[in-house]
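Once you scroll down, you'll see the structures, which are given as structure tokens.
Here subunit A shows up in two complexes: once beside subunit B, once beside subunit C.
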Partner chain A sequence: MKKISVRQCGMIIVMCIFANKILLMPSLMYQQTSADSIFVLITLFLLDFVMLPIFIKLKESYPDKKLYDILKDKLGVVITKIIYIAMLCFFFFKCLLVFSVTYVYFKQQIYQDEFIFMALIAFLPVINHAVISGVRAFSRTIELFFGVVIAGFIVCLVISLFTPISTPDFFISSGKEFFSALYNHIFAFGDFIILFLIMDRIEIKKGQAKRLYFYSIFAMILVVILFYLFYAKYQITAFMHNNALADLLVFSVQFNAIGRLDIIAMLTIMFITLFQMEIFNYAFCDCFVNIFPLLNKNYSIVVFDILFCILYYVFIGRYETMVTSALFWLPYLAIVINYLLPIVLLVILIIRRRKIEKKDKNLV
Partner chain B sequence: MKRKIKILFKMPMIIVFIIILLFFTPFAIYSPGENRNRGVVTALGIDRVEDEYEISLLTFIPTANQSYQEKSSVISGKGSSVAEAIYNAQIAMGRSVGLAHAKTTVVNEKLLEEDVAASIDYLSRVASLPENTVFVCTNKTAKEMLENSQDLVNDLGLKLEQVIGYNANNLYVTDTSLEAFYKGYFSPTKSSLIGYLTIEDEENKSNENSEISSPQNSGSDQNQGTQSSGGSGATNGNPSHIVNQGQAVLLKSGKKVAVLNIDQLNGINILNPKSVNQIITVDGIEKNGQTISLQYKIKTKKTLVSSKFENGYPIYIAQLVLGVELVEVDGVEDSLKVNTEFSEVTKEIAEKIELQIKRQFTDSINILRECNTDVLGIARQFFFHNRKEFMKFLDGIGGEEAVDKFIDYVTFKLNMVVQPD
Partner chain C sequence: MSYFNVKEKIEEIKNTLNNSVDFSYRLYKKGSQVLGFIFLKSIIDQSLFSSAVYFPLQMYDGKITIENLKNDILKCVDIKEAKEKDMISEILDGKLIIITNFSIKILSIDLLKFPTRTPSEPPTSPVIQGPREGFVEDLQTNVTLLRRRLKTQNLVMEVLRVGSQTQTKVCITYIKGIANKKIVKQVREKIKNIKIDGILDSYNILFYLENRPGSLFKQIGNTEKPDIVTSKLLEGKVAILVDNSPIVLTVPFIFIEDLQNSNDYYTNHHYSSFVRVIRLFGLLIALIAPGFYLALQLYHYNILPLNFLITIADTTQGLPFTPFLEILFIFLLFQILYEVSLRLPSYLGLATSVVGALILGDTGVKAGLISPPGVIIVALSKIALYTIPEQAPQITVLQLVFIILGGSLGLIGLISGLVYIVNYLNNFDSFSTPYLAPYSPRIPQDLKDAVFMDPIYSMRQRPKSFSPESKERV
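Let's turn to the complex of A and B:
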């Protein structure tokens, strides 16, 4: 099986870290915790970051094994399937949330009228094709456009420096507000879970693991800077701006003469969304194939498309419902996937280590 | 051929691509141009006429021509709400309204008698209106303002947002965009500042300090050295002009509380390092036994602001270093006129400049105090740097609700160094 390099894996992580954090989240968080949202963000990033060493250790212990096989060996088929069903839902809703937020952004920026049909036709075949082609194919695509995406992101941040900004007011919110914000926004995190799913397809040579840390920290710093500049720029009206990365480019009388600079943000967001949906769709299909081993990837894609269209159109996909769900009931799912699963994996690692140590002792 | 079809069917993405092409190409070919359905609005005016809103849209309708001249027209609609008025304007225009290019929003003064945020709620909800749209108030109707602005564009190539943009960069503490208005509106002191452009009839124009008028009816204006361009948009039949005197409207909770003139704005801006080029007149200077007056221009400005509590009372300290340049001598002192290098600032001159600036600043602070407004962000400065004492002090004067009265209790200390630039 052809594997992806650590560099490609790092780029996948960067895209996942950007997911659901660069448009709506800064504004949503501000409503709860004002500029202290930056501390909420950093806390959630730190909690996420703990997963990376767990992944690296797991990969070192089981270099060529799939997560499914590891879990099946240790926990049995039934529990493994339950975990995979939870992960399937997790990635499906993540994909739906990414699409909802971006769709509303593009609707505001370009078309103004409903264009869901067109958006689905534009997105679904591309992401389906990426999934069929496999993780190596879409990670190479990400690698190709990575420079453009990061350049676009940084340009958005830099341009905001040309408009008046001032330090936001920190330490305003109470502990209760802080912790409720932590809970409400958990679903947008858990970005390293994808690594566990594709662990058998990643090739990590000796000494290369630190590159994963580099990419993760790099993406996290970019998101923190985005939050800071967004709050520094808008301050008290941050709650009115739903598209943080794009809104950094607008609102300046000086830039009125230049015209619509937000085209830079539009292109960046378009690429990022596409890659995120590819990754989440892939994760969904991988979970699906493991839950139903008799059905192949093509079936999983068809199921994904049908579910996606139905749920988007009929129920969840309505923007307000989707966002409310992501804030209130999807965090339950996120707690299981983001924190319980890595803890389970950590326990597996510890037990394995003890067994090895025991064996070594017996041999001695 | 058969083999080729087989290969084709082995690659389903090509089939999907062909289906999409087949499906959308006819639509793309036969669908009408976007400009047939949409009118591009470049400026928006809101008036309150009796119990109704009147929305005026300065609309650019793209048409093919060889002169490269944009043709704009003002289209208006009335309704009981802004949304309804825009809907009626759409019907009048025969196109849907595209607000993404609206760079100016004008409201008339009457609208500011009540909370203007309620009137512009529609605009803040319609995400397609850019937040950097300049927010301006006018003494007459917004419709007249837009009609006059058309003449400005036709005759001078000057757009309304450019006129107010100069003020934003040089006079106001903040810019006067819709966003800046909301920032002030949602701040604890609920104070904001928006631009103010007046429309004057031909008869009244001699009273004004500055105006933007039209060449076709202003031969004498050119002799007086005023900038010339057009104006015939008055609805009462008299030619009228947009007059920019650098004024601004001070708002408290979205309601007008004062119209600030240029001197008051300069006073407010004295701590704003970006605000330079202000002219200071120093009268009564004795030189070789003669009394002359000198005009100085502030060329550079450095400010350092700090805050503290002394005996439980807030003290706001500003250090100001002004670089000034002598730009005009008014009197009969020949040596000064000949020696243009005379830009030395004597102790007497420095003291007089300092006194004048302090007076200006005190006047402006008094207005802010009278109106319970704080566009300078004094309360924020204390909140930021002396939070504990500030909160304690607020509790003493009536809690967080009384934050807009905080400025009444602040002692301002302005230390100034005036030096030649």
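Let's turn to the complex of A and C:
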């Protein structure tokens, strides 16, 4: 089986951590919890981070087994399929949301009055091809462009320092607002779930697991810095700026003298969006193939494309409705996938360990 | 007891070779002993035949036996016994066949000689420093050029015959103990499975070796320089030499190889690194410059600095074509001029360049049909293409693809195209070697000789990408 290295796996996590968080989310969160959104972000990151050791332990216990097979053995086919249907929806909506948010940015910046399917025409063949090529091929692609993406991201952060910024006001939102924001934005998290889906494709040699922690922490720190600089730059008007990473570059007077630097943010966002969509589409197709074992990957791609085009067409004219609905409905799905599933896996691990201990005692 | 009726046998062979115009034979009689010499006079060294075979035989007084012939009489180096069924193929290979009426044994003597070039600097890989020798069409000479550089008992050269009519010799060359056995086996199998009537050049077998036949991208390395082949063999690769071809194929092949040039190894490594970065940059410009210019002009003009935007607006005002058609027109014009200049004799080629560059280009701009920035961008990309000439064919096709993507979808189209291509390349391995190694996947050990180059003394290990049997160079 074609496996991916821990380094490639770490880069996939970085892309997932960036997903749904670098454009619209800072301003959305600001509407609820002002600058305290940074604490909401950190809390959600910490909750996510718990999944990583669970994944590593699960991988150690079942080195070459697929998540589907583990769940099927422990919970039966029906429950496993229900979990997979939930995951399928989870990744599909994540993909739709990532694309829609990016599309709105592109529309403002580039396409304006152009045909609404243009970005889709450019993206869909690439992400479909990535799924057909497999996780090894697209993780290698991410590996090749990773330096460019991270450099672009960091340059955007650094350039924002060339405008007047001041420390935002913290601790002004109530506990209710804080928890409400936590709940509403759960869907944008759960970035480590992808690892469980591709666990049989990852090759973790002894002592390499810590690299996953490194990549995760690195990406989380970058996102936290992005939030901080964004709030520090825009203060109370932050809710008006929907494209955080790109808007960081605006008004950077010193750099504008040598030309418009929006292109750095634009290219970075294009790469990140493409890679995120590749990952989510792959996850969707993997779930689909497990739910319908008689259908192959090509069917899953066709289903994804049809659903994606329809929903994109329906929602893109009602972007705000879509975002509001996502904040209201999708957390239900996210709670199941982000927290319930890892708990189930943790229980499976504990039971397995106890069984082994019991067996060892009997042998003694 | 007579073993062969020499005359009859000669007639039989003559008929088998359809009374070929270059078929020749001599009979030598001494008492009851008859010897027949059969050869093709077009491909043997006739003076050597006289001096080393016929003359010593005439001077010999004793009884002639096969053993005598082999050990005492004939003054040739390569004498061996042949089987009767192989006689025809031996004659076609430039051997002199000796049959007698006193023995069942047949002697085959290598007297092959045909016009060959002397090794000279190949036109495709000129060097400023370093060896200037290049391979020629003669396999034996090419083997000599390699053997001179690799004085090791582990150098293996396996010869296979390919082509039902041409019976071309294909020589699989590798260093035992360094080259990966699986790769050698794969190459051997692929060559054995070639079913074709004729192999005229190494490019004829190239397509049979590719893992993805029909792909746009180069999958097999090729060179005309023995020093390059030697260094590749030392890295653990397998070389394939084909008789009648000066081009030697090497596998596995990875993309970064075309970024490397033999000059890099004969100069300061800092400078080599710098030049490699320039080549990579050139490749990127060649690939996306026209598409990028179009994307900026059509969709992203607001990200251009104002002065630059005004210049473009001034020069493109009043053009009859859309920017997309304009770039496409200039691109095709350049490509036509290039094709013409390749095929015309040099004295006419110069005239074509003058007509193309001055008359078509300059007049086109003055007449307001094309804009100067358009001409500059396409010309720049065409020049940049030759920073890595080995990649020119595929990049030329991709230039057109990126012009279409940039012109229709803007920057998103370009980035999507780039990611698509990288994904595609990441999905095909050349003989189990990742095509974009050592960057994707990252192989730290192999980065010493990638875009940035370390000094040669620090390259103590063979590239891991090619999975050599022996990892250490010393």
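Here is the rule we go by: the second predicted complex is superposed on the first by the 350 of 364 C-alpha atoms of A that agree within 3 Å, B and C clash if a C-alpha of one lies under 4 Å from a C-alpha of the other, contacts with A are read in each partner's own complex, and residues count from 1 in each chain.
Methods note: contacts are C-beta pairs under 8 Å (C-beta built on N, C-alpha and C of every residue); 3 or more make two chains touch, one makes a residue touch a chain.
Bear in mind that the values here come from a model prediction, so they are computed numbers and not experimental data.
In the superposition on chain A, A:164 contacts subunit B only, with no contact to subunit C.
In the superposition on chain A, A:72 contacts neither subunit B nor subunit C. Legend: residue contacts after superposition of the two complexes on their common chain; A:211 is shown touching neither subunit B nor subunit C. Once chain A of one complex is fitted onto chain A of the other, the partner contacts of A:235 are limited to subunit B, with no touch recorded for subunit C.
Annotation for subunit A, partner touching more residues between subunit B and subunit C: C. Using the contact criterion defined above for the overlaid structures, shared-chain residue A:57 touches neither subunit B nor subunit C, since it reaches no partner. In the superposed pair of complexes, A:137 makes contact with subunit C only, with no contact to subunit B. Looking at the shared chain after the overlay, A:318 reaches neither subunit B nor subunit C. In the superposition on chain A, A:352 contacts neither subunit B nor subunit C. Of the two partner chains, neither subunit B nor subunit C is touched by A:3.
On subunit A, the surface patch touched by subunit B in one complex and by subunit C in the other comprises residues 121, 125, 129, 260.
Those residues of subunit B that touch subunit A in the complex are listed here as 13, 16-17, 20, 98, 100, 103, 124, 127-128, 130-132, 134, 161-162, 165, 168-169, 174-177, 179, 182-183, 186-187, 380, 383-384. Here subunit A touches subunit B in the complex through residues 108, 112, 121, 125, 129, 164, 167, 169, 234-237, 240-242, 247, 250-257, 260, going by the rule given at the top.
Remark: subunit C residues 299-300, 302-305, 308, 405, 409-413, 415-416, 419-420, 422-424, 426-427, 434, 436, 439-442 touch subunit A in the complex. Those residues of subunit A that touch subunit C in the complex are listed here as 5, 7-8, 106, 109-111, 114, 118-119, 121-123, 125-126, 129-130, 133-134, 136-138, 140-141, 143-145, 258-260, 262-263, 266-267, 270-271, 274-275.
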